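Presented sequentially are two complexes of subunit A, the first with subunit B as partner and the second with subunit C.
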Partner chain A sequence: MNFLIRAKLTVSNLFHAFFHKKKSKIGIYGPPNAGKTTLANRIVRDWTGDAIGPVSEIPHETRRARRKENITISGSNGNSITIDIVDTPGVTTKIDYNEFLEYGLEKDEAVIRAREATEGVAEAMHWLRDDIDGVIYMLDSTQDPFMQVNIMMIGIIESRKLPVVIVANKIDLPDAAPQRIRSAFPQHPVVPISGMEGDNIEMLYEKMAETFR
Partner chain B sequence: MIQGVQIDFLSAERMDRLTMMEKIRLILDDVREGNIVVLEKGLAPDEQSKLIEVTMMEIKPDGFSGIELETYPVKGGDGFGGFFSKLVGKKAESRLTVIGPANQLKTIKKDENLIRAWVSSR
Partner chain C sequence: MPHKCTKCGREFEDGSTEILRGCPSCGGKKFLYIGESKRHDDVLEGKTIEELAAETGTEEMEVAETPSQSRKKEEVRDRIDCYEQVEAIRILEPGTYELNIEKLARDEEMVVGFGKEGKYFVDIFSMGKHKKKQ
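Coming up: the complex of A and B.
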């Protein structure tokens, strides 16, 4: 009898190993203030009715990677994916608390924010090396896409062979130039959106369903 | 004594002999002393990732505030990621890289073949 139960469990495990698709963790990466949390909130709200974290005009509002599990996204072409969304702190090579004083923060508050931000960036890089299966790389389309941090991050993502969708955000602003982002990274799909207004968000869901299958 | 900023030019041969952490330690120790480091050949993506992580861990209020790093875009002539190079299986080579303290090194202009930077002494 025990033999039969064990055999049944083994067959079940094998079936699971062969046919159960691992749920992907999709990280939203990019420089500070590109609109990562705004997009994460929109995705999570659109598909679960929930939210992931607060947003602010002060850089480094997100200082811990935050994960929202089991989000099923469907494209209009019938593709459907279930993913975990990981909102990450903005990646940079420098953080100076004096920058936060310009936004009216007290020194103590600014020092704490800077310390937490440094920990958050280190954590985000760690996630990228070990725990992320795909990347939405967010860029502010009013800014220069050739910033060194973008070139480094895209190189790191490519070296890890992770599927990536580049999002040219803030197209609702007058200075937006998403075509600059397309010409900077022609090897990757680029979707121009406004995370704030929701422009082209359906196009992004379609591209996500196609890229992260 | 002449006032100025020390610039260390590190050859590809010297860097190739080091492990990832030895490279990162060499760069960060040098930069934290206020020096500018010029690498003949840039760091690999994994090394860049680790460099960002270790840099973050060493930032202190009113002390080290991080690094400024500039490198020429990867060669290929077909966009920054080198789509054609990938298509033909050619591995992208990182190029000359300049690294310095964030509060002393400022990039003024950069394109495919020019990095123009301004350096201040401490």
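Coming up: the complex of A and C.
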């Protein structure tokens, strides 16, 4: 009997060790211009000294999902996780090239940008369907969090039972209201940060180490 | 004295809690508290509720919508929209796209719509592929 119990324990330990080693792919999702790439760059730079992609104030700068592998993040209590960070194009329900013309882009260039951005959203949703193990959902805390797309995305993430950390970004701006985001999504951890200035970024790493274990 | 919905004229008994969620018939949020003498004037004399309000000097009462209620409503509307649409992406014109993110998240199959209505592109190849088990 004793032997059986011991064998069972060994098998379960092996099983545990095997699955625990599996690396999580963490996707940074959110509407365009929320600061996803800025955060991805900061995470990658802080833990590997590298960068993931260019940022710009024109929406849909990131039009292909970009991945950086093997990033080990440690929390202060010794929790440490190794993850792949996937920076995704901003998810939105409408992409119109006219929006880019306001930023001084030529029409041809704007139309191409819109097409690539549309492909990018489809790709980001495809990743979410098959490959992502956890989500950092990024919001601009100067904007209304109750936008349709956010409610839908959080609903989709919840229906897939993926662990999620909501980031209320841009708290360095004067009209930031991260509290609004907290009350919009009380069921999930919300970390207010400034990806640009690096404010509160340590707290985010703690929360990531805790949530994506 | 009954409450009258200012939008459709439906009446509710004094103290009715039903109206707190808005009028069940038309979803109206404004109600007029109206005296017995004027109660049927809207029908009998063809007056609008506004005229009645002005005559009686009673203010219309507005039922406030809680954020969770309006959020739920939006969610329901989104779901309906999603089921009504067959396409994952609609191309309104070159460079202008509408994306159905719920559909993109749910299905492997790709249907693309063109223009305002009626024209679709069906990617048969995407439909022939085996679905991944969840």
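Following the convention adopted for this analysis, the second predicted complex is superposed on the first by the 193 of 213 C-alpha atoms of A that agree within 3 Å, B and C clash if a C-alpha of one lies under 4 Å from a C-alpha of the other, contacts with A are read in each partner's own complex, and residues count from 1 in each chain.
Here is the rule we use: a contact is a pair of C-beta atoms (placed from the backbone, for glycine too) under 8 Å apart; a residue touches a chain by one contact, two chains touch by 3 or more.
On a predicted model such as this, the values are computed, not experimentally measured, just so you know.
For the composite obtained by superposing both complexes on subunit A, the positions of subunit B and subunit C are in clash. When the shared chain is aligned, no partner comes close enough to touch A:56: not subunit B, not subunit C. Of the two partner chains placed by the overlay, only subunit B lies in contact with A:187; subunit C stays clear of it. In the superposed pair of complexes, A:130 makes contact with subunit C only, with no contact to subunit B.
In the superposed pair of complexes, A:76 makes contact with neither subunit B nor subunit C. By the document's definition of touching, neither partner reaches A:179: not subunit B, not subunit C. In the superposed model, A:154 lies in contact with subunit B only, and not with subunit C. Touching of subunit A by both subunit B and subunit C, each in its own complex, is seen for residues 91-97, 111, 114-115, 118, 121-122, 125-126, 128-129, 146, 148, 151-152, 155-156. Residues of subunit A touching subunit B in their complex: 91-97, 111, 114-115, 118-119, 121-122, 125-126, 128-129, 146, 148, 151-152, 154-156, 158-160, 183-188.
The touching residues of subunit C, counted against subunit A in their complex, run 67, 71, 74-75, 78, 88-89, 94-102, 104-106, 108, 110, 132.
Interface residues of subunit A facing subunit C in the complex, by the touch rule stated above, are 91-98, 110-111, 114-115, 118, 121-122, 125-126, 128-130, 146, 148-149, 151-153, 155-156. Against subunit A, in their complex, subunit B makes its touches with residues 44-46, 48-50, 52-53, 55-57, 59, 61, 65-71, 73-74, 78-83, 86, 92, 94, 102-103, 107, 110.
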